[in-house]
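Letters A, B, C and D mark the chains as written, and numbering starts fresh at 1 in each.
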Amino acid sequence: MPPIALLAPIVLPVAAAAVAAASSRLGDQIARIAAASGAWASLGAVAVLWIAVRSTQELSVGPLGFGVGLDLRLDGIAVVFGVIALVPAALLLTLQERGWQESTVALLAIAAVVLAIESGNMILTAVGGCTAATLAVVQFDIEDVRAARPSWASVIIPWIALAWAGVTLQIESGTAVYAAVPVSALTTQIFGLVAIAALLGAGIVPWRGWAVGMWMRPSLRVASVTAATLLPLSLYLLVRAYELGNGLFPQSWLNLVLAAWGVLVALGSAIRAQAAPSRAEYMAETVQGLAGFALMSIAIGTAVGLFAGLILLGSAALVTAALPLLPDRRGPAALLVAAAAAGIPPGLAFGGRVLGLADAFETGNAFGLVAVAGAATWLVVAAAAARSVGLPAGRRRQASDALALVAAVLGVMVLASGPAVAALASLATDAIAGVMALPIGGLAADPFSIITVSTRLPAAALFGPLLLLGAAAVALSKPGPTTTAAQSRAPLFTVPGIAVLTAMRERLRSLKVPQQYRSLFDPAAMEAVAAGGRPVLWLASLVALAVAVTR
Amino acid sequence: MEPELAVALPAVGAACATAFKPRPRLAFASAAALGVAGVVAVILSRADLTSDQLGIPLTLSPASRAILLAAAAALAILVALPPPRADRSNLLRWGLGGLAGMTAMAAAPSLGLGVIVLLLLLVLQASGTGHRVYANRFRAPALAVVLLALAIALAAMQGPSLLTRLIVVCLVAGLAAALGVLPYMHEFDPDEPTAVSPIPWLAFVGPVLAVVVVGRAEAMVEGAEDAFGALLIGLGLMNIVVATLATWRTSSDAAAWRYSFIADWGLALCGLGLVVPDGVGAALLVFYSILLGRLPLYLWSRQSLREKATTERPINFIVAAALAGSAPFAGFPARILLLRAATSLYWPLALVLALSFLLWLPGSLRLGRTIGAPTGRQLIGVAVALALSVAFGLFPRPLLGLAGL
Amino acid sequence: MTQLLSSSAGDTFSLLVYPGLVTIGLFGLAIEVAWSVISRQAVGRPTLRWRRPPTVQVIVALLAVLAAVQFAAPFNAVPTVDRNLVIAAIAIGFTAWAELALDPELVARPGLLLVIQSCWLLSVLGPAIEPESLRPQVLGNVLVASLLPVKVASGFLYLLCLPALMRLWPLSPPAERRLRPRFNATRAMLWFPYCGLFTTLFFPPQADDLAGVIRFFGISVVAALICVVIGTVLARRGAERARGLYTRAVAPYAFLVLALIVATLALVR
Amino acid sequence: MSDVAAFTAWLGAATIVLADSRRGLAAGLAILAVGAAGIVWSQGEQGGAIVLLAGGVLASALRFTSGPDGWGLMQPGSTPRLLFVVIVAVVALWVALAATSGGSAGFRFAALTTLVLLGGRLLEAADPVVMPTAVAGVALVLGMVSGDGIVPYAVAALVTAGVSAMPVPAARRPRGT
């Protein structure tokens, strides 16, 4: 496979975007077909490139002019994240009705995400990420300019931070190429910038950030594609940080802080979910909850934890693809997707959470406390999911039965693929080995079980029979009575102090300059003075400059 | 002979466009032909070739040459795809006149001659029919000329180190006054024709003038290089903060555009003040994005500015992204270079710059809307500007190579 | 593949028979009868004729068997290395919410239940922090002096939470407003998971012999009976007292246990 | 000689500062041209001096043909300008004699005083005739300070004359920003 082929996963969606834009006069259907083809082609190209060689491939086209070269590198971890990002994106572009403009911009955003993932150096990753974030904002405005969308600044900040981290690496170690940066160059400060990029790039915050708010828009077309692509891209940065640090973060306390942050994110999401007044608001929290657990697992700093994080990201990807396809009405599809996201055994999310929590316990020290908090959070997630079944829809979106069926199938896939978690581990072993050392005996001794420090997870032997028994038993069972929405609306609990914080925030927002002092802060008057071309101001400035320089 | 031709041919072209005004076709054809010939002469004027045909050695530095070519390209785009109600031969007349003056400034062997040419340009522009009071049109550029002349005069004397620092002040303040950035903003009338407004100083003549002044300043501020850089950075930061906020909050859309040029100049001044190659590269990329992006977009937005028509179509958001310097547009690599230059010198400055980059966003959204719903030639023009911006944003190396970086 | 089939067969037997479904059913039936005797309530007769079981009971049963096979019960066919405390704890924890999702009429005060469940989870997982192991039998075997206070405190917290988790408190769910008592099959399936886990975590593992089996189930029955007694006392004291106990006593005590865990962690390190 | 030329240059710049009509402005420009040419001559650039003088005189003649009639010297309200002229002269004299060295003191005095005076006039003036006159003066001084060989002087002289030849558009009331 010639190295130039590494451009294919990026070029194909761009070409498809060109086709989609060119076919604008022929109606949106052609653009939709082009969009779907472009996304699937990119995914196919990644798969073919990896399967053909099954080892890291690199392409260096030469310097671009701003201190970085067009260095592309497709290694195992890039393939894993590429698949996690592209599968739901391709599904959504295939199933959702889009205008040609949205399709075109979505394809360009997908190409940017693939560029960021395939990039061999940090600055190019920042360029790709910033492009994807900008195009996401553009998509939001194309979809519905009146609806709430992430502020542009909030999605750009992380990529500026990453670019800064990249240039700092260049200054301190002479390069920002992932494979060439010396281990000692990853200082706490640089890692801090990378961590900021990772957390803010996908809005992984304990409070209700844009990553949750975007799911409350009237239409979920853009929110779903954005979540599907930006979430894995952001956490991908932490995985690359492991590669830079030879499998470690600069300080072990950084692992603990990030893991605790992940649990806080999941807990915040669960607390909001258990008080959600509608199913739509509950569903808006599901991806964020999974992201929190994925962050916790990845941050632990072990191969098992990283694998658990990947499993949870995979689950989040499928849930992200399912959410916008759900109809408003209650039914098996909503129940299955909620159950899949909540981590009902023996689902994929269940396996990922169990592995993550087990790994945290086995890491010891304060990670054990983080694990207890994580387990408690998981129960709150379960309670919120249970409560959500009886909630009112909360949105007036129409989704066809066919789409609801696809959503149900995606939910079933998450629930049914728990037994395959060990097989996935044996597939991901090479990818994980590329960024950190594997435990002695590897991640999975065989495709049926995963080895942790103190236990072994018999995924196939235990979850397989449980899945079969469960499927048979549920098929033979009789559904219970339906709930009344009125009962379900009450939150399970309220966090003390939240009301006080909200009141304080409102008070801060309502602060204004007193009337009698407003004239002092009149921007229009200041502008008139500055832009009036007044010699007195110029002379005063000249004197000020002279004083400033001659002191 | 090339530098002489590079100055003379566009000048003659501008003169033809003026002389043949009653016969627009002839005026356009002659001016266009001479303009193209002038650009060819600029292309042939390599840095290692010094011409002495007129008794003074004329050379174009790589940076000046690159910016002259970018300015010529911007003029060509605007003449090929003129804004609504714009007369091509008039565009050519002003553009070629400016180009001739810029080339003369760039090729001049001393700053003194360059300032004399600047003075001539200022008089030519002030002689145009504008809406502002004649004296107001004159004042700020004239102050710039006086300050630069003072710097030259002081540089001819020996004295205490204070003298060198005063030269620094005169150079920086003179440059700021010529450009019309804070605190020396020119008076601005939104209804005034662009050619006689302060915009050409910011968006057409300014880049070459900045390269010439900063290039010549090296010898004049010996011993006070730090003060020179610090003053440029300080003015740059002030312009970034004030102008980005003003772009967002000012009442007039046209004024918002003017502030957005000033904000970009803030970046460029910071880059020039950082003195390391990355900083200069960042400044050059900002100049390219001003000449080939912001200036044409401003001119194409004038019609909807007059009609006060703002739209929220995809093209508006993409233009906003380009104006905000977000990836993949040309502003982003400039910002990356600036970050690297600042980090290598003093990282807190990089932090301030990184935060200031966010200030472009709200104003750019506003400016993007003022483009309206371009159609026909305007739409093609906007698409060309965006395509160029993406090309330079992803692969700026040829541009920086052209400037010898 | 042969290894997979053999271990699957063993795990399936554990899920279905011992210590899985059959064991859970028999244990639960026995304790339900004891509860009805002690609380002087007529036990509802389980209907023996075949009918489709409600989905909620099916899901609860599946979760219960998944938890049960993780226990250190003698003769458990699931290899000791394959048992995982997190799976057991989460599977049991999910049962209450399966009820809320599928038959909300059965759940009284879900908010309070969530608080109590969190306390219970602390008592289950807290002792596992310092040993850094999730093998249930390893935790049961911990007899290090420095870790015993946490273990004892956690065991007590576990027993305090149990009556509420088993719905033995006097807070009756909406569906319980009928006069005629009924056999609570859902609860019956939870007795062994909760009590077996208690035995596994807080007592040394028993040998794979008859005496071991008797000891294991004996301890589990005692735990169940303690729970029944506490539940009876709570029932006599009334709903308000019960709510007060769990909000004003158990929850603060859980914080105390947490502080003890943190202190132990700090001291041992 | 350079001292006399410097005084003449100051006198020319001062006349431009103090005059408001075409005769006064033209006279000021002519005197300034003489002073500047004298300075250049004293530096051994006779050719440059002649060219500069020619340009200045031509510019003065062109100025003489347009603008409000009369001399307009020291009209009512021009006291601040008079003070400005004197103070600048004193400060420039101190700087030229005491604070700086290099070249002749006359050159230093002439350059500083004329540039500051003409700059002040440019900032203060509102009359469309005064501005180009002051700018023409600045061009002359620029030629004086940056001349090196005949060409820069010729360019400065041409620009000086060209500036004065430029038609002065009728001023309008400003609108907008």
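Here are some notes:
Basically, contacts are C-beta pairs under 8 Å (C-beta built on N, C-alpha and C of every residue); 3 or more make two chains touch, one makes a residue touch a chain.
Treat the numbers as computed from the prediction; the structure is a model and nothing was measured.
Each chain gets a centre from its C-alpha atoms; the one nearest the centre of all protein C-alpha atoms is A. Centroid distances from chain C, each centroid being the mean of CA atoms, peak for D. Chain geometry summary: the mean Cα position of chain A and that of chain C are 36 Å apart.
Rounded to whole angstrom units, the spacing between the C-alpha centres of chain C and chain D is 101. For this pair, chain A with chain B, the centres built from the Cα atoms lie 41 Å apart. For the pair chain B and chain D, the distance between C-alpha centroids works out to 30 Å. Residue positions of chain B with contacts to 2 or more other chains are 136, 139, 143, 147, 187-188, 255.
For chain A, residues that reach two or more other chains under the stated contact definition are 531, 535, 538. For chain C, residues touching at least two other chains: there are none. Inter-chain contacts occur between A-B, A-C, A-D, B-D. If you check the complex, the residues on chain A that touch chain C are 274, 335, 343-346, 350, 353-354, 357-358, 361-366, 368-369, 371-372, 375-376, 378-380, 382-383, 385-387, 389-390, 446, 448-449, 452-458, 460-462, 464-466, 469-470, 473-474, 476-481, 483, 487-488, 491-493. Only residues 123-124, 177 of chain D touch chain A when the two sit together in their complex.
Taken together, the chain A residues at the contact with chain D in this complex read 531, 535, 538-539. Chain C contributes residues 3-4, 7-8, 10-12, 15-16, 51-59, 61-63, 65-66, 69, 78-79, 81-84, 86-87, 89-91, 93-94, 96-105, 110-111, 114-115, 117-118, 121-122, 125-126, 128-130, 132-135, 138, 174, 261-262, 265, 269 to its touches with chain A in the complex. Looking at the complex, you find that chain B touches chain A at residues 136, 139-140, 143, 147, 162, 165-166, 168-169, 172-173, 177, 182-188, 224, 227, 230-231, 234, 242, 245-246, 249-251, 255, 278, 281, 285, 312, 314, 317-318, 321, 324, 326-328, 332-337, 339-340, 343-344, 347, 350, 354, 357-358, 361-362, 365, 394-401.
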